[in-house]
Amino acid sequence: MTLTHFDDQGNAVMVDVSDKAESVRTAVAQGRVRAAPETIALIRDHGLRKGDVLAVAQLAGIMAAKRTPDLVPLCHPLPLSSVTVDLDLNAAESTVDITATCRLTGRTGVEMEALTAVSVAALTVYDMCKSVDRGMQIFDIKLRHKSGGRSGTWTSENTKS
Amino acid sequence: MTLTHFDDQGNAVMVDVSDKAESVRTAVAQGRVRAAPETIALIRDHGLRKGDVLAVAQLAGIMAAKRTPDLVPLCHPLPLSSVTVDLDLNAAESTVDITATCRLTGRTGVEMEALTAVSVAALTVYDMCKSVDRGMQIFDIKLRHKSGGRSGTWTSENTKS
Amino acid sequence: MTLTHFDDQGNAVMVDVSDKAESVRTAVAQGRVRAAPETIALIRDHGLRKGDVLAVAQLAGIMAAKRTPDLVPLCHPLPLSSVTVDLDLNAAESTVDITATCRLTGRTGVEMEALTAVSVAALTVYDMCKSVDRGMQIFDIKLRHKSGGRSGTWTSENTKS
Amino acid sequence: MTLTHFDDQGNAVMVDVSDKAESVRTAVAQGRVRAAPETIALIRDHGLRKGDVLAVAQLAGIMAAKRTPDLVPLCHPLPLSSVTVDLDLNAAESTVDITATCRLTGRTGVEMEALTAVSVAALTVYDMCKSVDRGMQIFDIKLRHKSGGRSGTWTSENTKS
Amino acid sequence: MTLTHFDDQGNAVMVDVSDKAESVRTAVAQGRVRAAPETIALIRDHGLRKGDVLAVAQLAGIMAAKRTPDLVPLCHPLPLSSVTVDLDLNAAESTVDITATCRLTGRTGVEMEALTAVSVAALTVYDMCKSVDRGMQIFDIKLRHKSGGRSGTWTSENTKS
Amino acid sequence: MTLTHFDDQGNAVMVDVSDKAESVRTAVAQGRVRAAPETIALIRDHGLRKGDVLAVAQLAGIMAAKRTPDLVPLCHPLPLSSVTVDLDLNAAESTVDITATCRLTGRTGVEMEALTAVSVAALTVYDMCKSVDRGMQIFDIKLRHKSGGRSGTWTSENTKS
């Protein structure tokens, strides 16, 4: 078992994918923000009348997916063919639940793009609500599903659906 | 209770901080990556001989702190005066534990910069280990401490120390 | 009469502002997008039920203000203290009317930041509606007002208000 | 009639183009800057002896085309195969006339890249001349022509040629 | 003999590569940093115990390769398929010797990406050691080898190997 | 003697400058590109009639100075107050000679900004001439002078003037 992002001398490398075949690759990632019940209520009420936290965070997530190679050092720059980000208020568990799906026809996977979209959407929720709730927590960021490429399809075992 | 990032019409705004006084502001954030014990062992062993996952992630975190205003839509661009990111292997809990500290002499806080540094460091750990462990999870991203500015000092109640 | 962005040899320069005093500087810019009446109606109806073109464009404008020094070659990088962008549907004239206001406590003005915010908000309106109306036009982008700095206050003569 | 950049729930999306065929796509956009006759004369005289406003603006336009996906939230990142930007002084109408042409072999069009190139070239003209003429206006930014892709060729009816 | 980056009117252009065939393209560039012998010794000793200058510079080089189209005005944006950067301490000549290799399956070469990676890695070495040795020099940055594309394979005559 | 960019545990850090006093800081850097005599002649002749390599490279250098914190991992983001870049043809030595000067009123120096401006200007010269002269070399990149800050004024001993 070894890490593909280092060469034999221990230098970090952007892995060579020239020999990989182009295929349609999809990745779905999720993440959650835990907030006080009053914060969840405020986001819900605000969205109806005075400005939509979730819409801002959603757009931030989409734009961040495109910045992934600028942020994650060994990620390849990729011409993403699709990005969607969804945020749902979960009053029962006092969370904002985030899902991102990225797609590409290319030589490498888009897991990092989906995870980055989720992370930045979550950070944006934090930013917009921090004046009323500094104790929010971001958690449960993980890959839920991927398909395409040599390693084929993978699905998380304990996916919250 | 209201959200400062919207105006009366519900438009998102970058809050006006012109009237705030310059002061030294500090923020400390944390986050964790849960991985399989074999992955934690691989990171530890690899770092000694064949390339250091934690060093790459640490640098990614520092660089990401500087990109915060490009990522989080309503964050102010800030001339950060200091960024440190630490990553520790926690074999007992099979996690990578991440802490980031940002500092600024300026008119607005640096909480988002510290949280962004933590998030991107965590994403980078995921990226570098995903070929051996796709099931990793990023969790417990939160603000631990802030000081400076009108709202003064704040410390998380349940800080893992 | 000469252009300050060139030196004596005709080289483009980023003008030296070291000697200027810090002051609060404000700039207000405007711009408009002319679209078919059906497009204006679609934006209005859509915003109520199915997704808000103006909210996306507004956020794009705010984020673009922060990217101004990356885009306009001789602009100074600036720690903006405030950005607001407003978009209004003008059914009577079949336009989207855009206003952006930027503020800074610093050594140089923020006219370009306000104009860039307006321009990118207008481009985003075009992008989101181009599948139904390729003939839209962006026009009337101009500075409306500035204050602060050595050159003091300036107001456009023929401001549409 | 609907807007393709939203899904059924009204979430903004980067449209999925995975299923589109690769084809050669071209877009031509234009825009104009209206300035005082003395400003137009200054740009012309300056270019001959003391530094070329139009050359700076032209380069800014080319570079901006590459930044389009960073600016326009739902634009796809694209490996552009060609960008040209031309600026002409129009003394008769006291304007700077700008044309940009972008080309790509890919799955989506390059209209936004051409329009962004024009817009940033126009902003740069404004920036470089604003010390002598704050009242300049940017107008008549529009798509002139596109070809390639499923929607085929489109030409603006009232193109200034 | 003419320069391909200008059109007939002398306007800078991003050259049209739509008609070029996709092929696997590789470029190898090199560069060197000359430092005082004590600085070279400090880098070597530090890397063993207290933090690794070369690892930081190496990562900076990889990330910079991806930013090439943001930096070099007429470079095409490219989905690089591989980047490696190596830095070696050369005690005999009191230098840090840097090599970068980039690869792409595409329509244009990656020489600039390799040269940019080398340059930024060298700048990073300078940054990290400047507190002890301001007199360092960066030199001998050049293309060593390229292959692929219409112009085929090229190798520098006086390559330091 | 130690390296300031690492902490006691060997972690890379962005050095804390909060306690430093603001002062006017200046840095002058230089660099050179060696090309074939025919290439130097081509740049000279081209600039007069068909497009100016040096003007493009000069602008690229100015813009790159602003990107320094995105490129050099441990550099502070800085609101630069001035950047100038000069390129001269040196027919006698068959070189392009580049000088960059950066200025800031702030808490840290601008050496890296000046060196980055020089490096990217040199890379741009390479890019624009590589179709006729792949064997060009970039060399003699170094700091020539700095002033301001705690370490005061420093001048290179062997400055080519």
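Letters A, B, C, D, E and F mark the chains as written, and numbering starts fresh at 1 in each.
As a working rule, contacts are C-beta pairs under 8 Å (C-beta built on N, C-alpha and C of every residue); 3 or more make two chains touch, one makes a residue touch a chain.
Please read all numbers here as calculations on a predicted model, not as lab measurements.
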Where chain B and chain F overlap in contact partners, by chain label: C, E
Minimum number of chain-to-chain touching steps separating chain C from chain F: 1
If a chain touches chain C and chain E alike, it appears here: A, B, D, F
Comparison of A-E and B-E (more C-beta pairs in contact): A-E
Chain centre separation in whole Å, for chain F relative to chain A (CA means): 37
Inter-centroid spacing, chain E versus chain D (mean Cα positions, whole Å): 31
Where chain E touches two or more other chains at once, by residue number: 7, 11-12, 52, 55-56, 59, 63, 67, 70, 73-74, 77-79
All pairs of touching chains, each written as two labels joined by a dash: A-B, A-C, A-D, A-E, B-C, B-E, B-F, C-D, C-F, D-E, D-F, E-F
Chain E - residues contacting chain D, complex: 7, 9, 11-18, 69-70, 73-74, 76-79, 106-107
Interfacial residue positions of chain A with respect to chain D in the complex: 24, 55, 58-59, 62-63, 65-67, 77-86, 103-105
List of chain B residues in touch with chain A within their complex: 1-8, 10-12, 31, 38, 42, 46, 49-53, 56, 59-60, 63-64, 67, 70-75, 111-112, 115-116, 119-120, 122-124, 126-132, 134-143, 146, 154, 156-157
Chain F-facing residues of chain D, complex: 52, 55-56, 59, 63
